[in-house]
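Per-chain numbering from 1; labels A, B, C, D, E and F assigned in written order.
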Amino acid sequence: MTLKTKLLTGAHPYDGSPLGGHWAFRAHGIQGDSLLAFMGPCRVAVEALADLQDARDGAFIYSPLMLHCVLELFGPGLEEAAARQWLMAATVAEELNARLKAVRVRREGNDLFVASRKLSVSIAAPTGVSVKVHLGINIDATGAPVPAAGLRDLKVEPRSLAQALLARFADDHARLRGARTKVRLYP
Amino acid sequence: MTLKTKLLTGAHPYDGSPLGGHWAFRAHGIQGDSLLAFMGPCRVAVEALADLQDARDGAFIYSPLMLHCVLELFGPGLEEAAARQWLMAATVAEELNARLKAVRVRREGNDLFVASRKLSVSIAAPTGVSVKVHLGINIDATGAPVPAAGLRDLKVEPRSLAQALLARFADDHARLRGARTKVRLYP
Amino acid sequence: MTLKTKLLTGAHPYDGSPLGGHWAFRAHGIQGDSLLAFMGPCRVAVEALADLQDARDGAFIYSPLMLHCVLELFGPGLEEAAARQWLMAATVAEELNARLKAVRVRREGNDLFVASRKLSVSIAAPTGVSVKVHLGINIDATGAPVPAAGLRDLKVEPRSLAQALLARFADDHARLRGARTKVRLYP
Amino acid sequence: MTLKTKLLTGAHPYDGSPLGGHWAFRAHGIQGDSLLAFMGPCRVAVEALADLQDARDGAFIYSPLMLHCVLELFGPGLEEAAARQWLMAATVAEELNARLKAVRVRREGNDLFVASRKLSVSIAAPTGVSVKVHLGINIDATGAPVPAAGLRDLKVEPRSLAQALLARFADDHARLRGARTKVRLYP
Amino acid sequence: MTLKTKLLTGAHPYDGSPLGGHWAFRAHGIQGDSLLAFMGPCRVAVEALADLQDARDGAFIYSPLMLHCVLELFGPGLEEAAARQWLMAATVAEELNARLKAVRVRREGNDLFVASRKLSVSIAAPTGVSVKVHLGINIDATGAPVPAAGLRDLKVEPRSLAQALLARFADDHARLRGARTKVRLYP
Amino acid sequence: MTLKTKLLTGAHPYDGSPLGGHWAFRAHGIQGDSLLAFMGPCRVAVEALADLQDARDGAFIYSPLMLHCVLELFGPGLEEAAARQWLMAATVAEELNARLKAVRVRREGNDLFVASRKLSVSIAAPTGVSVKVHLGINIDATGAPVPAAGLRDLKVEPRSLAQALLARFADDHARLRGARTKVRLYP
């Protein structure tokens, strides 16, 4: 299934609810595998966290302005979703470093850092009907609960970054889905 | 299952046969999910290609010396293997650029390039009992069938790179496998 | 994944080999989920039969001219393929009866009959990388090993029937694949 | 697993709740794969709809009297359930046209029509423990929210139709389940 | 994934809630595949029963003191969990009979009996993110709703039994998981 | 699917070939999930071994007379098959000890022992279309490559044991398959 991508206009706060199943369809009329990007503040209360480790730690997630990417895939399990999530993080780092012409953004698992400051938050979660990935990239990191950096610190324009990411993810998705259709069994 | 890693000593030619099921066990006594790295020439005949597109194109794969990484996973399907394959490629690019302190290696899908010269070959294939990934990084690119670069051009020592990659892949594997055990259903 | 359809020109004999994995890609350069239709004689030797019951019975399959539909799907298991196979048979019966403006073609499982004469042969089989369905509709039933009818008896033009079937199957495929992306969990 | 079938006596209204997991067991003591048929009015409120497209459209479903078929399968995914759903619709059309000795009922996807009037409603949905299919055939179409026809218009007796459908579905189920046990791998 | 085992100290009542997903992590900080054993009273109200047959029968489960084993596996389906559940029951019987040097404990499915008295209760249930097994072995069977026996009747010390079971289950788990990594395809 | 059982008459040597897919159907006309028991010598050459560890060790399997049980299941994966294999071994031990009225047969994983002498051989293997389990119980252990015991040493009549095992396995199979149809989601 083709990945449908859309960069939403306007500001959309992120509170965790876009992780729910069929969010793209319910909220934006986009049915099927999709990747939506949008900008807005991020505030996820402890009780809305999908990550049980964070919830045990009493963590919360906050940023006054983030670039959010929300992926929904119908079919794969959570381990495939996690691999896709890490690949998204790697791709963001590649795009940023290519723009900055220097190795400034570093990936650890699904987290991105600028030196020791956290640039992103991310989670992959099952919905019962699909798997979801949220990748939030700080634009403005003021007030984040941990030392953090944002796209403004890197002087990267979020909108054009978002467009580049959506194009690249859609192309990657098609190529990953096509992978099994051209490889023979190697017994 | 923990990913068992091993950097083989000595030179081992790669002819496609390590893509076969249970190769790590049959050839090296390593049972279960594994990632083996080794150095040696690479020569895969058309009839040994897993990639049907390459086989249709009459392609062959050759390098006088490569660093080979061969991953075998029991359980996942080919699409999860493809995502893991791409993540391996991204990780190699990250490790190289970090060592070079510059964005010199670029990833396109599962291929790595130094400017327009190809640094790597890669395939993910099913065996009937497992999925396999081969990622070969040119050390010496002399005589490759396409414009190619190697680790020698980048002045990167393959053995220490291999050790860093094995450590990172094993850690990533454990974290990816653990992903689903700490995320609640988000309906 | 979109179902790629093609009506091949010229005559192509059917001997069972199109049931093999990646046949559409190997033989016709069509990668991914596909449905190919073509006309040609049908002769499947006992040793090439996928159906073990037929093979035990020493059956063989013969028709001097058939309209063949060969479906390849990457992902589903054999039971889903069997349901799709039956649906293909039902759709062929519907299209024929609609053209004939009478209930002349009857479906039993995946077999089609005109009165008590057999109009079709069909099999669904796994390849190790995909599942395949072959549905062959007699055009000329002369010499078939059982009492048989053909499209010529029904005065139905095979080429326009093939075009209608390809269009309908492609549309059905997209709608079936989309089914799970718009239905919520009903606990 | 054998499909257990039962034609319930008396009138049973349909409000969407039979789509829930284990409904046949909870409500009627029938455990395992099952197909229950019953007659009764149909009224599904927007908030009880499983189809998110219908829910977005503010649709509701109403008929004063329908023949309901509720299938529950343990094991298959939603795509297999959708193929089975379409096959059920095709079978109903075949049975009706055979009785009417004319092509009066036409199938589009999982919908049945008499000329341009809708004869049926249908949904396939996951429960978390099983997949369900509801196929409702209007007996009396008075007051339906769209132009509709019913079995009374066709002068078809619902009870004997129901018995024929249950017998045929049970037989089809056994043959579909058996399909993979007699087909060899065709590599 | 290695099975993490722990014998909890102190008394812990069992009310059904340990069947929930991620219970070992939420309640005891143990992430991943796990088997926890603990002692405590058992009282499961009808509405907390996972077994719909028991719930229909209005059954309840009670024992003043049980040895509880709670297994959580991420990945397998309910049928694999049921086979593991039966194997756990068989293993408990083997350990008890070995200690008693006589065939006193008998297994029927997943139930254990001492003559005609019930020694255990057990359920396997899905959580949406994992599968769970609860196996409760009566220590004191006073007041149970059916004729029952307990470890005290057998003069078996529960703590040392628990330790033996945890060790054996962990070893079995590793060997079962390893099974597919050393067996070739046998076509 | 019901497990079809049959105790073959006459002597049938075991050379590994009954592990192949559809063996019960090809050799004995029994289609679907099945468990066949028969008596005969056992001699499996190294190259016919499914167990790669045994093959690496140059092991061979020999017994002049064994009771063989060959299970074929369509649908489950190898890990579920391994759990079923262990459960079969546990059941054999239970049946033997019950007949012997003493704990003489001991299970380790899927192996059975009488004191330190091996009573059985067993393997679970995938066929590409199904999973198979072979459990061979020595009747006469003369000439076995390791210290071994047989049913004759235990004075157990193999034919009546076989009948008891077939009945019990068929009943267990139905109950295990039914497990998921009566347990609700426990979130």
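Convention: a contact is a pair of C-beta atoms (placed from the backbone, for glycine too) under 8 Å apart; a residue touches a chain by one contact, two chains touch by 3 or more.
Note that this is a predicted model, so its numbers are computed, not measured.
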{"item": "Between chain B and chain D, the fewest steps along chains that touch one another", "value": "2"}
{"item": "Remotest chain, chain F as reference, centres from CA atoms", "value": "A"}
{"item": "Angle of the C-alpha superposing rotation, chain A to chain E, to the nearest 5 degrees", "value": "120"}
{"item": "Between chain F and chain C, distance of the C-alpha-averaged centres to the nearest whole Å", "value": "40"}
{"item": "Chain centre separation in whole Å, for chain C relative to chain A (CA means)", "value": "42"}
{"item": "Distance between the centres, which are taken as Cα means, of chain F and chain E, whole angstrom", "value": "25"}
{"item": "Residues of chain A engaged with two or more neighbouring chains", "value": "21-22, 25, 31, 52-53, 126, 128-129, 177, 180, 182-185, 187"}
{"item": "Graph class of chain-chain contacts, one of line, ring, star, complete, other", "value": "other"}
{"item": "Pairwise chain contacts under the document criterion", "value": "A-B, A-C, A-D, A-E, B-C, B-E, B-F, C-D, C-F, D-E, D-F, E-F"}
{"item": "Interface residues, chain E side, partner chain A - complex", "value": "22, 25-26, 29, 31, 128-129, 185"}
{"item": "Touching residues (chain side chain E, partner chain B) in the complex", "value": "1-2, 21-22, 25, 31-33, 74-75, 128-130, 177-178, 180-185"}
{"item": "Residues of chain F touching chain E in the complex", "value": "16, 19-21, 50-53, 76-80, 82-84, 86-87, 90-91, 93-94, 97-98, 101-103, 106-107, 109, 123-128, 132, 172, 175-177, 179-180, 182-187"}
{"item": "Of all residues in chain D, those that touch chain A in their complex", "value": "52-53, 56, 126, 128, 187"}
